[in-house]
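Chains: A, B, C, D and E, in written order; residue numbering restarts at 1 for each.
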């Protein structure tokens, strides 16, 4: 953890990451109800919203589309990722080097770590190399900290999420992206376990506007410094309306109710 | 994905790759009916046809024969490949470094990726290194994107092919080479899943002129920007006649019927 | 082993390492009774006590908190570590390079080795690289020498601990951190097995003040040149009182009784 | 494949390799009937015969004995090899780097590849590195192309040998060393599968003069450009007589009968 | 094999290596009857005897004690070694780089190779790297050539020992350290299998003075150029008496009887 308040991916101490690596991680099936979103341009357009401080994509998407948006969007280079056809213990291949991410114009890097997997040791070491290389470029590091694999039955139980955020702190991340552990108390515990490091809630599958915003409100109240969201934004017909509301909940700390009423 | 319209392997936005790595991937058995084609010179002669924008071969073939054809043929350096004696989960060894491919005169590189194999993670990482090295030489990258291995029963079902072309986009290919998924709708879906990236249909086993051209016509109408073909060309007694027809279907967007009538 | 008496982590030939990598190795559960200690600052404060010659933490904790304490605390960069969600044979991933540890300001490095694990060979080789790199920076090397894994049922039996300290000597550590083998005689044997190399006792789970200090006293009498302690210090409400006593037992070679009476 | 007609290991387009790596591959047992040949000097003496264009040995033998013969013998540095105590799937460790082989004075390199083994992918990649490094030194590359391992029951069936020579061509060898497939037709097929690349027959176990020379004659007639021989030469009491005959069969294309009558 | 007669570890063509890596390979248990020998200084003192041409130790022992003895003892840097807690197929981790060994002042390097182990291929390749690096420093290379592992029931049968010494020659060692194969004839065969390379007998477990010296006498008569000994020297109360006798048997080629009578 190094000071990142001056980073472009942070606004008033908060962060809202719009992620779209689902084409790799889940496949085109995630776009079944919004086929026009298969065109990455549509999601980059969404990412120009002021509420969004960074857009997380894989290398190929960045190469092809980021050049047209580099003035309006901050790039979070998601370095690793794997298809859902992978049948082994949870693992994630490194598809992008930090050097090349910096060359493409990344403002930060993102890296998935599956603690508890039989690949934990290998992934920690890969994370080390990416993190230390990112330091050379002064790029903040976001860890997708997802305990998963052999020995973990329920990866959202409170203790696991607190462990996840602590691991991100111990290993040198600047922001931990963790799942919502089910209650504000558990989220608060996970934030405290991270010390002074930023923790952002992971958005998950698409839910209703109110349900989603309420969870974000609870997370922010519990100490989260933001959100990383994908499907809950770009799977919506009108992402702007939700982003307007998220902007209020996250940066102005309004309630979900108030934000939706505006 | 980077802009490749100015690349020698692209003609009017289209690509026709003539591939001959079957000696490695399948063995001499693929040449049983056309033994004279064991002499790579015969296939290089075929590749001088104007319709062919690139010839894909392994390193040894390129070293031995490309020097005589470098003025008339564009070289697509197929970097990896494995014999069919391999009994493990689908994998492909890297038989050619990008540095040496560039030295031999490659105009582009080709790389097989078996998503879904137990070697997926390893192959993605090998692809990353090759792709980023190719960027240094400004060489376009063609991914043979073939989901295969544990957990994949039918590697031509529509969802799989769309996933295959999307993976190529996400990981940074410039052209995806995928199998025909069985219908124009599925092919169109796979092309849309690739965003602005080029997708070429993979030729497969030898069929009749008409059947083959009809499928190519359907693929082009569905959004494919070309074809990668091997056996359907060089296993024919008169490859020229078929290449003449392919030229019309691919570059002039004639129907298969019209192309064969000419 | 090289001469380390002039190192900042040694005071009068003795060493007291305060370790806090439990957030990674055990998870937030170790902080359940002292939740305020989840804030690493609280433990760094404790480490400013004169008795403490080095504080051992993982990279992320050092990056985030050591800059505020570099004048008052000596940093022992714990290079490797793994979560307790790891289900494989004992192993420890390298989370910090020696180069970067030196850059962050490390005064020494720490490295866990699990002899007897199926990863022994791999860990010895990783230790070699870290140790030789540390020599370039003149950083003393502390080996957490913990035989563990297949074939070891009881990792505190006397012969195992003597073997552990000897291995540290043979492989080039400057200080071995080993468990207390249960008796002063066994501890003495383990110290003799280390030749002239320093051996410090590992603190273990929290016990009573007297019980803990008595064991430290016995260890020092048996030849140990100090202690590496974590939970027995920072899990206490008043670590200072115990550190005062430890200072007497370790540096002034008082008895546990005398130290507690003061 | 690059042009090698000017290489010292080629004489009038033909090659006769005398191999003596049996001490590693088979052990001293191969020398049981000719114990004096355990002294490598005796075999180097044999290699000074004009018929021999290269002597293939492992690194240690070359280091110790080649300096005395460098004016009279061409050195084929056999880079890899394994003892027959190895119980795993066919594999061959790299015992000599190309850089050091060049330093010792190699005129060419030799490399075993076991296609079909579970180590095929790994061996192809090792071959790639050696081959490309050899190109830097302009050293011809001889592949011992031996399909072997899981899935191969009979490694001399015609299709396998043709596949073996084709693989050597595809992967970039300059000469393939393959087993005699049992008939002139099959040998011819294997030579055609190699395109313009040289193919030499592998000598195998010791047989009678006539039987051996007849097979060599058949192989040369079928298109082989020479022979790699070990035991059939140095296990003989008088290797010179056989080498005289081989010289006639290989370079002068005499019959076995005529060569033995001379 | 390169000429090593001028090396400090050779005296009149002979070599006597005093080895003390038992603390790593066997553990403190080897010192049970001579606990004072746990102090490496005592063994270094013994190594100052004129008969000893080199002392073989692991890195940590060399770092700690060799500086005081560099004028009187030649250092044989034993690069690899493993604890006896290792339960896998025979393997040996590399605990010392050649570069650092040279920096510490090594006069030669030592390396264990377990032919026949499932790690044979890996160990041969590690040996290659160490051997070629040692050549850069002109350091002789001693191979502890010990066939062991899956498929080897009896590692001292004559054929195995001859194979062991031959492998050392083929792979580029300068001295092979092998076990006594049980008879002078078998030892002679093993020496002949090594060509001109030096072969030294490995000392083994402690036996009586006479028994030990007789075996050494037999080995020297069979062609061995010396001895590598550990326990048979430093486990004795008076190593000097035995070293005096060994000096006569090895360098002056006296009989065991004569040497003990003196």
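Structural remarks
Quick note on the criterion: contacts are C-beta pairs under 8 Å (C-beta built on N, C-alpha and C of every residue); 3 or more make two chains touch, one makes a residue touch a chain.
Chain labels with UniProt names: A, B, C, D, E = fructose-bisphosphate aldolase.
All values derive from a computational prediction rather than experimental measurement.
Common neighbours of subunit A and subunit D under the contact definition above: B. Averaging C-alpha coordinates per chain places the centre of subunit B 57 Å away from that of subunit C.
Measuring from the averaged C-alpha position of subunit B to that of subunit D gives a distance of 36 Å. Across the assembly, subunit A contributes no residue in contact with two or more other chains. All the chains close into one ring, and from subunit C toward subunit E their sequence is C, E, D, B, A.
Those residues of subunit A whose C-beta lies close enough to touch subunit C in the complex are 1-2, 115-116, 118, 120-122, 124-125, 127-128, 131-132, 135, 147, 150-152, 159, 162-163, 166-173, 189, 192-193, 195-197. For subunit E in complex with subunit C, the residues that touch the partner chain are 21, 23-24, 27-29, 31, 35, 38-41, 58-61, 63-65, 81-83, 85-88, 91-97, 100.
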